[in-house]
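Chains: A, B and C, in written order; residue numbering restarts at 1 for each.
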Amino acid sequence: MLTHSFKLVTIIAEPVLEPRITTELRRLGATGFTVVEGRGQGSRALHAAEIPGINVRIETIVPPEVADRIVEYISKQYFADYEVIAYLSDVQVVRGEKYRRAP
Amino acid sequence: MLTHSFKLVTIIAEPVLEPRITTELRRLGATGFTVVEGRGQGSRALHAAEIPGINVRIETIVPPEVADRIVEYISKQYFADYEVIAYLSDVQVVRGEKYRRAP
Amino acid sequence: MLTHSFKLVTIIAEPVLEPRITTELRRLGATGFTVVEGRGQGSRALHAAEIPGINVRIETIVPPEVADRIVEYISKQYFADYEVIAYLSDVQVVRGEKYRRAP
């Protein structure tokens, strides 16, 4: 089956940031996203209260250049003040046009 | 540690499709699956009501040839009429036999 | 944007194991983790009651050598007696120091 290579961007953040981040994903070129709720502990919690925090996991599949823009934006906007995580992985999709904004 | 390369298939669909899809996964050769509930917006929602929809994220680890069968089946069966997403990624597992149906 | 290659370790286990496993992740070198609740069926369920079981999906991003230690530990500790799944995938992160324990 013919597949196309795209990037899966995963952003883990506190729930209050969800509306802002998903709006920014759209603006930066994502055609959709999914959100799953979870909990977790980051490296800061190690030195703090050790109470697992509630978080949201926001995922979007985008072309590589959009993935770069998203990760750059997220890191500049949030990494200093929030415990936000963002990472990329490679995925193969069937219909590439679903994940590519019409020009 | 010796690991083996398999494919992780992720299918995101509306919840009503879960029983049908998981039954099909078994039939196509998957030995197991996991389901997580989430919400999201796809490319169609952009032009519709913009209400984030509830969805299920179904995941299964399978040999590459089974992954191909699953993605081909899902795309033929659902892409025209449902907002279903399916994608593949590469994973390394420890015990390959867990994910391979006995012949 | 400059990114660094790390390993994403995913462990799917019954909920009762979560505190033990997350404590072990810390001990083995992880700086954080996330947990999402789900359900699923494994290869054993095929021959059992076929009732989907509740599970937790524990994820952590770590350097490759820590990923190896985690997967080796999980497989030796749990694979014989529990329906635990563990797998690795490649991810690119922006700030590598977040995922690397200070020596």
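Keep in mind that, in the parts below, a contact is a pair of C-beta atoms (placed from the backbone, for glycine too) under 8 Å apart; a residue touches a chain by one contact, two chains touch by 3 or more.
All values reported here derive from a predicted model rather than from experimental measurement.
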Notebook entry, point to check: Going by the contact rule set out at the top, which chains touch both chain A and chain C?
Noted result: B
Margin query: Please tell me whether the contact surfaces of chain B and chain C are same or different in residue numbering, using the over-half criterion.
Written below: different
Margin query: With centres defined as the mean C-alpha position, give me the chain B-chain C separation in Å.
Written below: 20
Notebook entry, point to check: Hey, what residues on chain C touch two or more of the other chains?
Noted result: 36-37, 89-90
Notebook entry, point to check: Which chain C residues qualify as touching chain B in the complex?
Noted result: 10, 12, 36-43, 45-46, 52, 55, 57, 68, 71-72, 75, 79, 85-90
Item checked: Touching residues on chain C, where the partner in the complex is chain A -> 1, 3, 6, 8, 22, 26, 31-37, 61, 89-95, 98-99
